[in-house]
Amino acid sequence: MESLTFRHTTKKPLPGSVPNAITGVVASGNLEILLERVLPPDACEVAIETPIAGYGAVWEAVVADFVARAQPGGLRISINDGGARPDTVSLRLLQGARLMEA
Amino acid sequence: MTQWRGEREARDARIAAGRAHADGKVVPAGSVVDLLEAVLRPGDRVCLEGDNQKQADCLARGLAACDPGKVHDLHMVQSGIVLPEHLDVFETGIAKRLDYSYSGPQGARIAKMLYGGQIELGAVHTYLELFARYFVDLTPHVALIAGVSADRDGNLYTGPNTEDTPTVVEATAFKNGVVIAQVNQIVDQVPRVDIPGDRVDFVVEADTPFYVEPLFTRDPAAMTETQILIAMMAIKGIYAEYGIRRLNHGIGFGTAAIELLLPTYGEKLGLKGQICTHWALNPHPTLIPAIESGWVQQVHCFGSEVGMDRYIRARPDIFFTGADGSLRSNRAFCQTAGLYACDMFIGATLQIDLMGHSSTITQSRVAGFGGAPNMGSDPHGRRHPSDAWMKAGREGQVVGDPALMRGRKLVVQLVETFGEKLVPTFVEKLDALELAKKIGLELAPVMIYADDVTHIVTEEGIANLLLCRDADEREQAIRGVAGYTDVGRGRDRAKVEELRARGVIRRPEDLGIEPLDADRALLAAKSIKDLVHWSGGLYEPPAKFRNW
Amino acid sequence: MAGAHAASTDPDALSWYEATARQRVVALADPGSFREFLPPTERRMSPHLPLFDLPRAFDDGIVVGRAKLDGKTVLVAAQEGRFMGGAFGEIHGAKLVGLLRAALTLKPAAALILFDTGGVRLQEANAGETAIAETMRAIVDVRAAGIPVIGLIGGRAGCYGGGGLIAGTCSRLAVSEGGRISVSGPEVIETNKGAEEFDSRDRALVWRTMGGKHRRLIGGADAFCADSVSAFREAALDLIGRAPAFDLATLEAEQARLESRLARFGDCRDATDVWARLGVNDPDAVPAMDTRAFDETVARVREADHDAR
Amino acid sequence: MTLAEILAGLFPQGHSVSVRDGLVTGGGAFADGTLHVVGVDGDTPLGVDGALVLSRAVLDAVRAGDRAPILVVVDSDSQRMSRRDELLGLNECLAHLAKALLLADRSGHPTIGLIYGHSAAGAFIATALATRVLAALPGANPSVMDLPSVAKVTKLPLDKLQEMAKSTPVFAPGIDNMVATGAVHVVLDPAKPLDGQIRDLITNLQPGDDRDRLGEERGGRPVARGISAAVIAQAGRG
């Protein structure tokens, strides 16, 4: 297992007041994402546990694009990865952010 | 003194030798080996029928069981290397030289044998090329074919899976060759005559019905949100944009998703009747909901598909059927239809390079071509216009006299940026080049050349290569939809944004598509069982696709 | 903490087979009523999977909690069949055991188990196996206290191995066509006894032998549902209202029921032979029947309904 | 220890226990009353037919109402793996046997499991693991799956698994690991008289299911008890 953590500063907090949400399932080619509104409103942290080593640069790029797009300020995001492809990761992150905005 | 009848006399001698093992034309399954050893001569060109669907498997087993002392050094000229026996004959020396087209399941073994020098390879062809060469320089001495039933005169019913048989028989029977057919049963009267009896010399009653691979069945249960997103983009950004009415689909999940989105997403976009009305396509089970919803006017088929026979019989307005009611497929005609009469081919591939060349070859597998390059190429012999064809032509034409402009066929690659096990689809260099070097192929096995490709669709967006004005733009357009692959992350962001502004690259949001709307709820059928329901119980899926 | 989309939580539209465990629970319960115990934010993850270099899940593949069903309090457990095949690991099993033991003091209207499991998680096999035994004991205690334990089976992993035994311990079972209940899985039988004994790739055979329709026809399940959350909800409500007691009379009746089954069908090779003997007119037509046609068929089969469980 | 030796040790005055097709039923005079015996001998797989024979015997004992202890002796294979067994509802039959034993326990019959050979999977759950207290004799070998099969399923090399098995009782086969998880309460001493040891087990029978407590104490199931307790605690709130 490889652990990765990325910290970002956001321009604004994620709207909404849902305290936490989870989406996805840990399965082959899939992942689960737990989102918790526990950080300062301009901070976002994404921590990943993945069984597939060596994709740090890809994760970094996926997370950076997500943060730029969703501005998920205030969120600690924890990922249990089952070997998901980047497009699935992006999709789940956006789904998670939408749940938190509800 | 010139000999003008040598071939004919040789043919008569082969048939006379074969008759010893036959009752009239009929040969019992147990005598297949005797028959083949009597008819075949060392060095013969032999077509052992088999493609990506049906297989003359009983005759294949018979050929593999022949004595290599009697039958050897054959030159196999056949569509498919699919069964183990197709390669066994090269290990025993029964066969020596090979010209073929498709080798799906045997791709790894054939690569090994080519590398090991056990096979003398002529060339890997597309279906149409190989069929063409049957009539020019690869005419079979003996054809071993498969049908459903025959009468004692040799009249043959090939049934829904007619496929290559008429072409193979035409080339063999009319040029002094011998035609041997395996059939599932001998009957007093065949349901319809697909091959007249005077073209068939021997009929073998096979021990088991010939094998057919359900290659075109895609289980909707396995479709992902990403595939649905890509399908949405293709429908809105290409089908609707160009008004594609005549088309061919590949066999991947992406195109199957498109088929399942027509009655839902396509309906919502008001596209019924505007797109997808005429098809050159196998009877895909995933097309059933679109057919039942009135989207489809006509489908001509290369072959059939396991379990679709009853459904097709009940829909003669849609499919080509015989007087008996069952499907009449024909690979050569349908390939021609796909090449000349369709405005678009859309399908998946395993690798795409920076220019847009694509290949389904990996370093250890030679999968062959089948018909994809016929579908996925712009036919320069086309002379009839259509709106879609002309629009693509206008987009691609930069210089020259507009009065001399011709149209372009749309050739669309529909891929996810990563394949199974996080293998990137976009690469700097195709594995096919490496493989060609390794096994000494003169021509690299490229499935679709870059100059034929007009669009690439991924979950990141659509790249319209027709609008690219130079090699650099083309490369950046491809990198721009290559997502998080190395190729994608190596893009020039500024250039990609410029291409996007010009509509060369269109993101989901540029098309008015919200990625989070890509939900399985959009699929007209979510399971094989749903397809059965759509068909009114007429579709009978094979056991391996059932979960009831 | 629901699924992602409004459309996906509509109980009429949501396919049980396709839904996640969490989606099933949320859509099954009265809107907004589900309260999870040991939710993902507590990160109660397997201490053993890292040894095998395998990814963990925040809930170890089972969602447990309390909910309302038609206004009545119920306890619910839902296995996630896509995480490690829904298999019983140490935490996974302990959550279910804890939930059932809680029922003894909480006295809910019922305990619901949404099965979706291949059986024991091999990486934690001894813990999983023991948890299954503890679960069965706990179910018996809950039933004996007069609280129905209802099993709902229609997930993609089916209900295999020890899961099948737990299901057999419940008061009532509802199953959909996609659901399978069995001890040995098709691949396990094939691996041990050969493809002649069981061809695991013949999926029609798998479903005929282990699938929801066969189980319903022979009385192995008490309700047959369409593949939607609302159908399972309706079935659960119905079954809660007619759960058998757990006592000697019930088990004597079950003994008689199962003995008579072996006597009547013990020489049958295929499920269609069993169905024919049950009086089904056209056994070959059963797999293709829709829910309504199948319900009509079941209504004519005497063995399908009983209190002997 | 063989079944015959076990029976001889339990019933010095003789017994009516018989073994047919690997299925053990019967009883004998024990302490001041009777001891019922059911079980599986000879590494026999347990199928639908056998499960119902054993459950019949257990229910007969319950109906008799004598509250006599029931000893479940086990040297079995796993559940019988066959198309017929699954067709006929093996899950119902095995669950029924387990329920019969659990009913007996609730009805005042002390239930004691005694594993003296092999057992696995469904057969183990339906017999030995359905008793109140499970004892083992040295050499007993319960397992969920043997290591070569585990290697096949987990795609891990066998030698790595064997190494891991030494430090990780939670997945490895064998009696020591089942003791560590709390599934087996006690390993008996073959050198001492068996009847006395069984009588002690009956006398000291604890109420409830204490297997997760044992698993925590012995380190084979480090977290199960805490987890189930936490669920109960949260369920009790509001």
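Order of writing sets the chain letters: A, B, C and D. Residues in each chain are counted from 1.
The criterion applied here is as follows: a residue touches a chain if its C-beta (ideal position, glycine included) is under 8 Å from a C-beta of that chain, and two chains touch if they have at least 3 such contacts.
This one's a predicted model, so the numbers in the text were calculated from it and none came from an experiment.
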item: Farthest chain (mean CA position) relative to chain D; value: B
item: Chains most often in contact, by C-beta pairs; value: C-D
item: Chain closest to the middle, measuring from C-alpha centroids that were averaged per chain; value: C
item: Centre-to-centre distance between chain D and chain B (centres being mean Cα positions), rounded to whole Å; value: 58
item: Distance between chain centroids, defined by C-alpha means - chain B, chain C (Å); value: 43
item: Centroid distance [mean C-alpha coordinates] between chain D and chain A, Å; value: 46
item: Where chain C and chain D are represented by their mean Cα positions, the distance between them in whole Å; value: 24
item: Multi-partner residues of chain A (at least 2 other chains); value: 95, 98
item: Multi-partner residues of chain D (at least 2 other chains); value: none
item: Sites on chain B at which at least two other chains make contact; value: 516
item: Chain contact graph, described as a line, ring, star, complete graph or other shape; value: other
item: Which pairs of chains touch, using the document's own definition; value: A-B, A-C, B-C, C-D
item: Chain D partner contacts - residues on chain C that touch it in the complex; value: 37-38, 44, 47-48, 51-52, 64, 66, 75, 90-91, 93-95, 97-99, 101-102, 105-106, 120, 122-134, 136-138, 140, 144, 159, 161-162, 164-169, 181-184, 188-189, 192-193, 197-198, 209-210, 214-215, 218, 220, 246-248, 251-252, 254-255, 258-259, 261-262, 265-266, 268-271, 274
item: Contacting residues of chain C [partner chain B, same complex]; value: 4-5, 7-8, 13, 15, 17-18, 177-178, 201-205, 207, 211, 213, 287-288, 290
item: Residues of chain C defined as touching chain A within the complex; value: 1-4, 20, 22, 40-41, 43, 50, 53-58, 80, 82-83
item: Contact set on chain D toward chain C in their complex; value: 48-49, 52, 55-56, 59, 62-63, 79, 81-96, 98-100, 102-103, 106-107, 121-122, 124-126, 129-130, 144-145, 150, 153-154, 156, 164, 168-172, 177-178, 180-183, 209, 211-212, 215, 220-225, 227-232, 234-236
item: Interfacial residue positions of chain B with respect to chain A in the complex; value: 224-226, 416-418, 421-422, 459-460, 483-484, 489, 515-516, 518
